[in-house]
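Sharing a structure with you now.
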């Protein structure tokens, strides 16, 4: 009786998958044969991130813990939820806090904010664990030194992304976390007003490094955390850093493949 | 009985005690590798879980740990412990295998297999599970939102985001320019430099411990103790006025700690010679800080050279200081770079112990030009 | 040429050339971009200003150098020398003292460190001690009682040691300071003498063209600490209206107007000229500090723009416009609705905050503008805020039949200016859209209809009796002397140059041809009998005087006007008119039928009523049957904010700005109908006022100021209690035209231009509130008595109501901040003081001028009111103030200052022996004596 | 036919320079290439500098940094005036010699200390730094005394505070006349 139902369905499916539309999209048949398995990997722009065949140990979870994959997945989730939040959040001193409250209270699926925030914390953790795995399996050794360097830069970018995002709700937690963080920039040697040796940089009676142009000013865009800072962090968080991170991730994935795929004993 | 246990835990989580126990514990674990077995892991996690859930009944503990932004740190504790154990466990098993006559696990399974569907499938499952975790976490726990920002009213304590609390904890011991700018840059540069300093070809692509003991010990000490432990203690154990509070203590704003930190120059001039600090121009300042400058200079510039001497040059008690074989293996530039980075890293625990032992504030103090170490 | 290597598509060497050339242009355009962003118009002005500052400071140094009197400097230097040598003598003692201080200092620092250490532990243990005592549970550390006690004592002893050392140290230091005090004090004085020079010299150095000063303003590096930078004011409470969004105002005008608040640049060329009267505007202590008001709140324009034409400056004249075009590349900014007021119209900006003030002290131009707008009667047809509850502008027509005859009214209404050039009455006919060349007959018919209606609805009680015979010559003399010229002109040449207050009443020209003799006689004796709420006062004329004046007035004929043709109604036009008005409510057939049934007179009355409703005559005149008619004009309360796109420029070629449209409208109101085909009902109805240039500018200034902006409460002027009382009094002063004769708040005195002899002019009412006693003033206003007997001008009786009089008196008191009514009665005088007063009076020979009756050859300006009146008229304090400084109260008075002040400001006395030479006591004695003169 | 699956190239320690002799740069082409690349890098450098300059705003819409705080005799000797702390973040203190004004920004990490009248000291809630009324730090992690702000006499005799000028004790700037108003 079952196949009386299934038969027309599978016929319809066969009909559909032979149509010109389908075949123009998918260059491969059902990936049951080895040839199709190879084709499916190579013809799909996303899947061709992975090689067609790879060392068995390298695929096992117990080796890679899938930390890199999870971090990348979280990055995609954050980009998606972040984009949605941008439809409701206005980065101005008057509206920022109110918009966050609105997201909590009445914006449909306002939970996007929670997803974004916890996703961000999760991504920071998984990035550290990814570093731990790469170090413990010695995968930074040649020929993968450069890729390890790219990885460290990506780690810093993740922390910066999280740091700039932290200010956007514009509540006490946010402004004082950033105030403490940015006050450290004031102490940069040579470039911060309260850094060592910066007082010696003078020209005539003009002190070259002052509160109006030092490293902290470049970070905040003003002398104290205020509207310019909120805007500057908003632009960095939503556009500046994600683009750079995405760009470096592309390089990172590319170098994983070019330096010999997942590391394994020689 | 419970109070006794609580007092014990409060005492044990003091910055000095916690740091020492953790460091010694880690070094012991490296020494007696059987600690990394499955059973001991199970026991350790059971104890940790019981301690954690039991402590939830203490209102003060719950108040701090259950703060929405502190949940990820509980996650950090469990995840970091688990994955460190997991890596070390596999490493030691591989060591046992290669010690015998077999090969490391990764060598045995080095044949090529189809990626589709295996890897892609596991990745999709990972994504699904992660989505579940995220969704449940978001449903159960609302994102924090305190009062609107008020630049005039600073909360007590005001903390940086949790992943920077390691740096903020360092601020207690070092001046902002060191703790906030120089050390973070060194961490980043140091991390990137690891592949170029570590010339040991072995251990590439498989878990091991025996073949890369020095690198793992240094890295894990830096990562677990100097980063994760400081993050955890900065989040849970640092309260108002950045005073230390045990996990079961109420964050009382009025608590006063005797802060009588003294500089090396104070020690030498005031305590030793009973004379006030020399004041006046540049040379007076140099005269004031001569001892501190000497100590720092020796530590940073003289010590690396001394460490490169062969073992026989050292008196019996200090044999461990010699890193001559590294000097040979790595070549001069790599050696000096590596050792000075290592010394910079070790300056943090050293400064911590100096602070706890002698209430030392600055070794070298030139407040006029904001240059204090 | 194109040698393409095999296996290549292009000739690489050619590409290299292209690459080289394009890279050069790339670099050039990038640098050009940086330069383009850097070179801004306002930077030129700032560099110019730095140069001017240098010259000014150099000049100030010169002046400061001359300013130092060398003698003082020498003496101080000498003293300093001596003090230094004296000090050098006990050098040894000083050194010992200094050594002792150094030792004390060390011991003190050590004690301080010791105290700090114990205090830290003490504070901490105090916390734990409290915890253990209160909560019993030892948190961290248990601290027992005696342990804490011991700690406390050790802490307090350590503190004692440090405090003792502290005390001793401050003693010693004070002693040292004492030793050196003479030297430091002299050095301070010398420094003070030369301070002006040193300050100016430092300023000059900071402006000197050194490398750091040029480096800091170079492109790219001018973020470090530039001296050439944008200067702006962030104004919170005077917001900017961005169409339903109130935005805090940011004005960057000071970026070019750098010396706007610096008095040294009063005569510098624009844009560096100082702002006029800094006591009212811009400076920190003025009532409009720039930090709280900015610039565009009064001047309008675009505060945020930094270019000359971007800020929408408005040229005052065509020549200035051309000058600006060529100098600054000025062009009218089409995309900004509120361009800056013209410089001379800026006071229009005051209205939006001072909305409910009829007289704004300090805004002379605006006060005149608001008065011109009122006298012209614009508010009769156009509703305007601030002009709501006004009495009708024109005389009432309800009893016109007795005042004048039909022919005169017809000719007058047809062309008022022909009869009296300075009249405010506008012309309705022979304008752009109803020129006599085409519509003479229709215009005459309309006039005839209106006159018919008005006379029909005028009351018809008995005519006036003929007046007694009067002597015209004496009449003319009377008019010129007793004060009629305060409100009326007699010769109309250059009438708009005369004081605005003298154009309040109609010019006394051609009254013979206009008025009925009997009416004039009755009107001059008691104007209210004809029109009860007229402001024309009663000059208490005797019958003979009234007759003389009537005779003179009736003698004034204007024959040219009398000989003009009287407009007659034309039957055909009248039918046309009546049918037109009938058709507004009836279909053609019925209208024609109704028309046929109407008599000639009915047609005149019917169309007359419609014409009055169309032309809006009831806006200014009270006409029977139109008591509750609505004003025909559009509301002008917010005309200043009207969108330029809403103005119909028609076929007139003028710049599309609000001001230009208004000036054209006032010059030729109906010119916007030119070239348009309109039915009579649709034609523009605004009459031709024939404004002179000055009057037109006044109306423009007032209308441009009527804007819609609302500011938050703290941005607008809120009257204090005293100011509110003064404001009510000012309303009365304005309505009754007191400024026609008197000077109030330093403004007015219209009649002064007709009286050369200053002594004969009505008094200046400055400090009137504190000058006279309230009771005396009340009775004087009700029934004026003679104070200055030698004057011809008479104080008229205005028949103030009780409430009006009190408002006036409390208003004058509020203006001077004086206390009302009370303190005169209970002042007690002792006889000795009065005797001294009398003696002083004789010695100073006061009564040579203060005489009771005219004495021989004295000039009018030398005469002064007799002392008999001062007892119940003046107040004691005012007499003292008057004697202190007469010129400050009445500038130009002949009253000498008996007690002058010397350069340092202390008071001298001509009679040192009296009351042991104390000038104030002497003045008080004189004042007391005067207060009891007649007792 | 898609080319065969890419074999992971055996990882060679250092990639050798590509085979085949590179075309030697002829004497004729060198100037163009030199100019080309020279100008191009200069243009890129100028562009980046301009972008860097972009990040430093010329105008900051901050409230005015100077304000008048009443007449000298409104301040009693020996009293720390906290009326201006909320709005201007400044304490004004008068002692025997004259008036000086302290910025309320804690020198440790920028928090805002409070004036404790009872203990006559400034106490920072963030990390417990303590300062005397003179601004000198005596307890807690604060490395330096509180900074003084510019104080002078305005033309109208009022005390004029200029917050844009800061004076540090440890740099000896407290004897700069602009850092205090002497009223001896």
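Should a chain be cited, it is by its letter among A, B, C and D, assigned in written order, with residues numbered from 1 in that chain.
Operating definition for what follows: a residue touches a chain if its C-beta (ideal position, glycine included) is under 8 Å from a C-beta of that chain, and two chains touch if they have at least 3 such contacts.
Source: prediction; values computed, not measured.
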Core chain by centroid distance, with centroids computed from Cα atoms only: D
Farthest-lying chain, centroid of Cα atoms versus that of chain D: C
For chain A paired with chain D, centre-to-centre distance based on mean C-alpha positions, whole Å: 31
Gap in Å, rounded to a whole number, between the CA centres of chain D and chain C: 45
Gap in Å, rounded to a whole number, between the CA centres of chain C and chain A: 64
Inter-centroid spacing, chain B versus chain A (mean Cα positions, whole Å): 25
Residues of chain A whose C-beta touches two or more other chains: 51-53, 142, 179-180, 183, 186, 199, 212-213, 226
Interface hub residues of chain D, defined as touching at least two other chains: 56, 62, 109, 139, 171
Touching two or more other chains - residues of chain B: 153-155, 158, 171, 175-176, 256-257, 259, 370
Pairwise touch network: line, ring, star, complete, or other: complete
Footprint of chain B on chain C - complex, ascending: 105-106, 109-110, 113, 116-117, 120-121, 123-127, 137, 139-140
Chain A residues touching chain C - in the complex, by the definition given at the top: 203-208, 210, 212-213
Residue ranges of chain A touching chain D (in the complex, touch as defined): 38-39, 42-43, 51-53, 142-143, 179-180, 183, 186, 199, 211-213, 217-218, 221-223, 226, 228, 257-261
For the chain D and chain B complex, residues of the former touching the latter: 86, 89, 109, 111-112, 125-128, 139-141, 143-144, 170-172
Contacting residues of chain B [partner chain C, same complex]: 3, 10, 246, 249, 254-260, 266, 270, 274-276
